[in-house]
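One chain, chain A, appears in both complexes that follow, with chain B as partner in the first and chain C in the second.
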Partner chain A sequence: MNALEVKGLNKSYEKFHLKDVNITLELGYIMGFIGSNGAGKTTTLKSILNMVHVESGDISILGQNFIEHEVELKQNIGYAFGGTDFYTKKKIKNITKIVKRFFENWDDNVYEQYLKKFKLDPDKKVSELSEGMKVKYSLALALSHDAKLLLLDEPTSGLDPVARDGLLELFQELVEDGTRSILFSTHITTDLEKCADYITYINNGRIIDSITKDDFIGKFYLLQGPKDKVKLLESSMIAFKTNAFGFTGLIERNRFKEIEGVEYAAPSLEEIMIYYAMKEDQNAEFTI
Partner chain B sequence: MNIIISNTSDKPIYQQLFEQISGQIIKGELPSNYSLPAIRTAAKELRISIITVKKAWEELERHGFIYTMAGKGCFVADLSKGEVTSLRNEMVNEKMEKDMEYYKELGLELNEIVDLIKKHY
Partner chain C sequence: MLNLLYKDLRLAINPLFFILPLFTGALMLIPGWLYFIVLLYFCFIMLPNVLGGFKAQNDLMFSIMLPVRKKDIVAARILSFMTYELIYVIIAVVFAAINLRLYNDWPMFFLSPNIAFFGLIFIMFGLVNITLFPIYFKTAYNYGWAAIMANIMGVCFAVGMEILALKVEKFYVFMHLWNPTDIIYHWILLIIGIVFFIITAWIAYLISIKRFEKVDI
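Our next item is the complex of A and B:
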């Protein structure tokens, strides 16, 4: 079964368009949602949850149409959006008391476990929490009502490396039994190199790709070579940069034939993102 | 079962898994009917994606190193000595073919290659 299916999602703002977004996430897997700032990650997540009005698009969650079954389905969804502040002068435990009433499957034991795991003090006020602690608190709430689909917007930002590692390990634990899925956005791509099964890459409101991480990385080569070879490859590379010692560029594997003196290797996710962003910038220059 | 994943290696992770496990089977370190960890557990323990582990297990099965029992998991195949030898040769041949192509491209003659192999063995 699919935990999440997004079909033909369109959303327009004055200066930004989410164009024909399609995402499918099978139950039991982790999907990383990457893209640069302003690419449309948060807008997509908000659109999925019907938090913003969309022009068109079908969203199904756990096999049911989200708009038709919004109230029931929300019982099965946990979400944490960075930057959503709770009422800052209230103690955590009081906020929890209010939040838990909305969820039929709320489990106090699970909640207590996460408080311990995340070292959260229920007597602290939200205003006293660091950014990382706020993220952890959001997660503790999302995880305590046995959500089957977790939608997390930049859950790792604001966390130190140790906490981040712990969180990613928790993600893998959560999907281990195959009954939960996690879609989380991030621009810290190393988070994904390890644990993500699928990558959805969004650039300027359009999904460039939504496939398994291995296939995504396997689609490209990072090229390195002397400057005089640039001419041969210029038209087929996604983007490239030159410096005093030669050039580096990104190319789709099926467009590359070996050339003497040009080295090729698998790129990292970060490198893929950088070159796609460069391409976007170059296009922008042409249209001005 | 021992597995060491290198994130800096050029080799895809599924390939690393495949080579290490098949190697342990060929050397007899993993006995027949040894139960491999569940795909999802292995992914969690090794901190790699579920799909990567799946791919490695599929490759192992395709080559005949392991078999799957629906609902129970994956197990090391019951291989006779002869079968182990032929699997080993199959893998060595695959690798050697590629290596030989590379050496030929560099213009090496057979006797030069043999000498180099002797030196490095």
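Our next item is the complex of A and C:
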């Protein structure tokens, strides 16, 4: 069963367009939603949740149309948009008292368990929590009403490496039993290398790809070679940059033919992101 | 929707605003005063502060993430304001009753705080609500213009009624009827006020949900 299915999502702003966004996420998996700042990650997540009006597109969550069953489906979704930045001067126990009234499947025992597990003090105010603890509080709320789909917008940004690693391990733990899925956006590519099963890469409002992490990385080569070879590959490469020692560039594997003197290797997600961002730039080529 | 109303009253609105009407209501004890001001304090103080509180606490994002419909958010917000308006009115009524006992013979230049006066108060709050919410729900976030316009509406109505009482003798006489057999007319005005208060809230709700549905959050 698909936890989330987005088909042909389009949304236009004056200076930004989401174009034909398609995403499918099965239950039991983690999908990393990656893209540079302003690429459209938050707009996509908000569109999925009907927080912004889309021009076209179908959104299904747990097999049901989201627009038609919004209230019902929200019972099964947990989300965190940039941590918890509402009611920051309220104690979390007071916020929880309000939130739990809205959820039919709320389980106080589960909530207490997660408070203990995440070492959350219910008497603390939201503003007294670290960024990591805020995300954990959002997760504790979501898991206490048995959310099947977690939509998290940049949950790891602002966290130190230890907290980030802990959170990513938690994500893996949460999907282990195959009944939950997580879609989380990030621009920190190492997060995805650690825990994502699927990658959806968005650049300038357009989905570049939405496939398994290995397939995504496996689609590209990172090339390195002397400057005089650039001419041979220029038209095939997604983008490249030159420096005093030669050039480096990104190419789709199916467009690459071995050339003497040009080395190739699997790129990192960060490198793929950088070269795609460069492609968008009119002056993709620059000298360092 | 009731949960949202509970959220607005328990979490979003500072408890101080439950106490404030006790102090403003006590101003009813000033003899021969402009008693519209007592209720206008709701518009001057509470209205912008509460809407500012919603904005500062990022309530819109909090509410929209809950399993509720947008129209429930509108209904809860309007009902929470109506609840506070009623609290202001009820407390003012208590002090007004004391006023009428204390200053029965006091010469009244302005309108007396009697039953008919509270009919006008309900009309004033009805006008405030129908001005405030349709403007506010264009964004459900920016409240400055909505609060200013609602205040202007409230003040204009209050000033208009006081001027009417000063200039039109019949209206002044009607508003100061004391004969027990005529009090029925004051009750009629009060009921008209309450009905107006409810109808304007309903219209404000219908306009606001249309506007709020179009808002991108």
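Going forward, the second predicted complex is superposed on the first by the 280 of 288 C-alpha atoms of A that agree within 3 Å, B and C clash if a C-alpha of one lies under 4 Å from a C-alpha of the other, contacts with A are read in each partner's own complex, and residues count from 1 in each chain.
FYI, a residue touches a chain if its C-beta (ideal position, glycine included) is under 8 Å from a C-beta of that chain, and two chains touch if they have at least 3 such contacts.
Keep in mind the model is a prediction, meaning the values are calculated, not measured.
Engineer: May I ask you to decide whether A:214 touches chain B, chain C, both, or neither, giving the answer as first, second, both or neither?
Structural biologist: first
Engineer: Quick check for you: in the superposed arrangement, does A:101 touch first (chain B), second (chain C), both or neither?
Structural biologist: Second partner only.
Engineer: In the overlay, answer first, second, both or neither for which of chain B and chain C A:177 touches.
Structural biologist: first
Engineer: With the two complexes superposed on chain A, say which partner A:206 touches: chain B (first), chain C (second), both, or neither.
Structural biologist: Neither chain B nor chain C is touched by A:206.
Engineer: Does the superposition put A:279 against chain B (first), chain C (second), both, or neither?
Structural biologist: neither
Engineer: Determine, under the contact definition given at the top, whether A:75 touches first (chain B), second (chain C), both, or neither.
Structural biologist: The second partner, chain C, only.
Engineer: Considering only the touch criterion stated at the top, classify A:52 as touching first (chain B), second (chain C), both, or neither.
Structural biologist: second
Engineer: Quick check on the superposed pair: does A:124 touch chain B, chain C, both, or neither? Answer first, second, both or neither.
Structural biologist: neither
Engineer: Once bound in the complex, which stretches of chain B touch chain A?
Structural biologist: 7, 10, 12-14, 40-41, 43-44, 47-52, 55
Engineer: Which residues of chain A touch chain C in their complex?
Structural biologist: 46, 49, 51-53, 70-72, 74-75, 79, 81, 85-90, 94-95, 97-99, 101-103
Engineer: For a test of understanding, state which residues of chain A touch chain B in their complex under the given definition.
Structural biologist: Interface residues on chain A, with respect to chain B: 28-30, 168-169, 172-173, 175-178, 193-198, 212-214, 218, 265-266.
Engineer: Which residues of chain C touch chain A in the complex?
Structural biologist: 3, 6-7, 10-12, 57-59, 61-62, 64-69, 214, 216-217
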